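In order of appearance the chains are A, B, C and D, and numbering begins at 1 in each one.
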Amino acid sequence: MCRWLAYGGDPIAMDTLLFKPCNSLIRQSLSAQRSIAPTNGDGFGLGWYGHLERPGLYRDTMPAWNDANLRSLAEQIHSPLFFAHVRASTGPATARLNCHPFRYGRWLFMHNGQIGGWTDVRQGVERSIDKLLYKHREGSTDSEALFYLLVGNGVEEDPAGAFRRTISQITDLMAGEGVTEPFRMAAALTDGRRIFSVRWSSDGRSPSLFWAAGGRVGCTENSIQFGPGRGSVLVLSEPLDSDNSHWTEVPEGSFLTAQSGEVTVEPFGP
Amino acid sequence: MCRWLAYGGDPIAMDTLLFKPCNSLIRQSLSAQRSIAPTNGDGFGLGWYGHLERPGLYRDTMPAWNDANLRSLAEQIHSPLFFAHVRASTGPATARLNCHPFRYGRWLFMHNGQIGGWTDVRQGVERSIDKLLYKHREGSTDSEALFYLLVGNGVEEDPAGAFRRTISQITDLMAGEGVTEPFRMAAALTDGRRIFSVRWSSDGRSPSLFWAAGGRVGCTENSIQFGPGRGSVLVLSEPLDSDNSHWTEVPEGSFLTAQSGEVTVEPFGP
Amino acid sequence: MCRWLAYGGDPIAMDTLLFKPCNSLIRQSLSAQRSIAPTNGDGFGLGWYGHLERPGLYRDTMPAWNDANLRSLAEQIHSPLFFAHVRASTGPATARLNCHPFRYGRWLFMHNGQIGGWTDVRQGVERSIDKLLYKHREGSTDSEALFYLLVGNGVEEDPAGAFRRTISQITDLMAGEGVTEPFRMAAALTDGRRIFSVRWSSDGRSPSLFWAAGGRVGCTENSIQFGPGRGSVLVLSEPLDSDNSHWTEVPEGSFLTAQSGEVTVEPFGP
Amino acid sequence: MCRWLAYGGDPIAMDTLLFKPCNSLIRQSLSAQRSIAPTNGDGFGLGWYGHLERPGLYRDTMPAWNDANLRSLAEQIHSPLFFAHVRASTGPATARLNCHPFRYGRWLFMHNGQIGGWTDVRQGVERSIDKLLYKHREGSTDSEALFYLLVGNGVEEDPAGAFRRTISQITDLMAGEGVTEPFRMAAALTDGRRIFSVRWSSDGRSPSLFWAAGGRVGCTENSIQFGPGRGSVLVLSEPLDSDNSHWTEVPEGSFLTAQSGEVTVEPFGP
């Protein structure tokens, strides 16, 4: 079980969300509140949009709480849209190329969850990835494979449909192998403008997922503040502070879309 | 607060103590039972004696639970005397050269604790290190500095005296700087034959320390077993399993010596 | 282009070959003599046999010349059979799981060379790996994939045949994709008793390969010495010193077998 | 011997200088043209100014040519003033905290060269560092120590004087220890507005140093182009391409100041 956070809105210094809140993502790397695995110390990653269409990517294998580079990048870089992830491995080795987010062209993807019976279904999944996309496959995680399936399944034109088709493909492969472990996901995907997020699982026990929206985001005395109006959206594994008025839980089986500060949550199933 | 373990006795595969017990040192790296900081993920180290007078040293900055190399070394290498340490930094950066154990000639040293007001007294401590020994100073930790003071204070001839003189030197420097934070230590030192260990603090709140002794050590079903007779000694931050019959707590203000399977514990103060 | 070295014979400290000779493998990591790429700084690995059937494995992403751990392990560990490898990537990322040697059960494999058009044929190669073996696939290199094909093609019963079948499989996939780049290899494989090595390429321009044999191996004044008699075998990318009397080049299209100090070299082609 | 580069002018993407030129700094990490040590693979670092007074810092122990994070940061981050450094160690361990540039407040410092007899004079140098500054000392390099001496010697008010006083302090300590090896430096220092650089050595054999200035900097077909007018300055260990019209060598014994696109070079000696 990993922890992640997606932000879209006015450009802000990334440490506003990664380091400053009392339950910041970096704090969650050492001691998450709503996760089966409290320690998310098996690498981390940061993806952000700047001057280029292609997002920046910074991933490393140290625990996030321990990386002076991350602290410096997060305080220096202002971005209107960024993804951050702290990893607790469900098996695959700790290596930069197994760290989230994953990048393809102008897309970023990150995930918390697991494809049940991954070692059994993996070869079938690898085979299902589009041949041209497969050239970009670097690691051995189910999450990176999921991403390339999504891209191949038309995420550009129809993101919810791409998730639906990908989940069907994988559950078919799981059924073919007789896998009984569940498939669970809390995933986030972006093209640099819109953030899409899915909370879904085959057994109705999806990983936690929350969102918040409002005006300009800041952090005062370790608590998140939203200015008046709107434009800022947060989608994340767990709240960054204890102010429950901010955070809305995403229900099981949901597809969330965030664009220009607006959040819509729709029922989702394969 | 760190966690550590010292073993002396018949050569055993190091994973017997590092990986197999239910509360193994590697398990403690993720979730220590008797430590203020449950996560000891800021690097680790292993020092062991083999064919040479000079011990081997393997230190890295990953969390110990995450390092496939450590697992392989621990199952392959048999050693009659080894030190292992998992680190929770009290300030200095996570770098191999700040990881314990430290080595000088045929000596190894590791430590759990802290010199109060370290940033204030540090320059005085650095100046107090013997000039020839100072050439070996690599990092910025109080622990490595402590080690070179001990060596310079005659650890070869009189280990307890060297600890006494070193503690006096440091408490004098602390007093000179008006430091009020305590000086606490649970340290282990070896020349490859004898293990010396000190549990002491300026405020009577020393880090935990235990020992156990018996015949050949093994691990069955995650529990430590000692064969009949004697020859094996363990000195460590916390018990490796819940069998309280094995583990003896070292009292506050003690100097422990282990040699040829015999353990003596004497009152100790500066 | 990488550099590697395999040793079989009386147990020796690994630094005898890795660090001491004038053109030691570690020296080759910084400045190889007979390689297209003089710098082999994209990770390294060490596999050795000890008390267990399963060999030990130590791999890291630093340049070999820069790793204090490697120096310590190489001087401490005595082994009757070990593989060492310094890597110059032909594309896949620098990660521990892309470093050689690769291990499966009691087998080790390492490689210098390249499957031409790897990104085009890769998906076909992944699909050809035996389903049970595929669970062990961790990285994205052609070398690791080659290894699992060899294992699946019966390396246990017929090593030369397994190489032949594997090469045919791959050249068929290359032809199917219209690949025109060559397939070149200088590979070494061991079960802990016998060392097998292949020098072959589709274009007759295989990477360099040498062997040497004799009595007990030592290193004096940076030069390799063999004692009288026999029992020791070295197979390696390039000579460790300038004494040409030691080193025999393996011809293009050869299969080398080393066992109990005896070396046989036979013509080899798919 | 290391290689470094300092840029000041209009904000540019850092990869313009770090990756794109034919003899880019990253290329120099693998194969420098004008250095005793062609391989500068013992870590690297990047310091840059953005929205804050305090510069950003990104340092790692991998060879620069091997770090996907560096590539991404260099293409994403635009900066009006940045320092980049690739390291070839003269002794001290490869660790992030031994990598250049070093940072203090709004200052950055980087260096190529060596204090002769460093292990002998080190303890004296450590003692000479201002007590408050010493709290920031993290590693064991002569370069980091040099930096804190410079800060303590009034670099804020009188940069050239601070260099002069620091060199005198060090040469006195060297004389006191009877050191005969030379003290050589090609150093760069910045407060975020001005770049100061010194080329000096005790034996008249300073490391190479060059500068270039002009209008807006770009890189076309691996060659550096300056637009018309002025505003951009480069100070660096060796030229980035073979167009000799750009690059002016800084003479032995010089103090260079770059501000608002103007470069002045004055004779310098302690």
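Here, a residue touches a chain if its C-beta (ideal position, glycine included) is under 8 Å from a C-beta of that chain, and two chains touch if they have at least 3 such contacts.
What you see is a predicted model; the values in this text were computed from it and never measured.
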Mutual neighbours - chains that touch chain A and chain B alike: C, D
Selected pair, greater C-beta contact count between C-D and B-D: B-D
Cα-centroid distance, chain C relative to chain D, in whole angstrom: 40
For chain D, residues contacting two or more additional chains: 68, 93, 96
Chain A partner contacts - residues on chain D that touch it in the complex: 13, 48, 50-52, 54, 56-60, 68-69, 72-73, 75-78, 96
Chain B residues within the chain A interface of the complex: 30-31, 39, 41-42, 61-63, 66, 68, 89, 93-94
Contacting residues of chain D [partner chain B, same complex]: 92-93, 95-97, 119-120, 122-123, 126-127, 129, 131, 134-135, 137-140
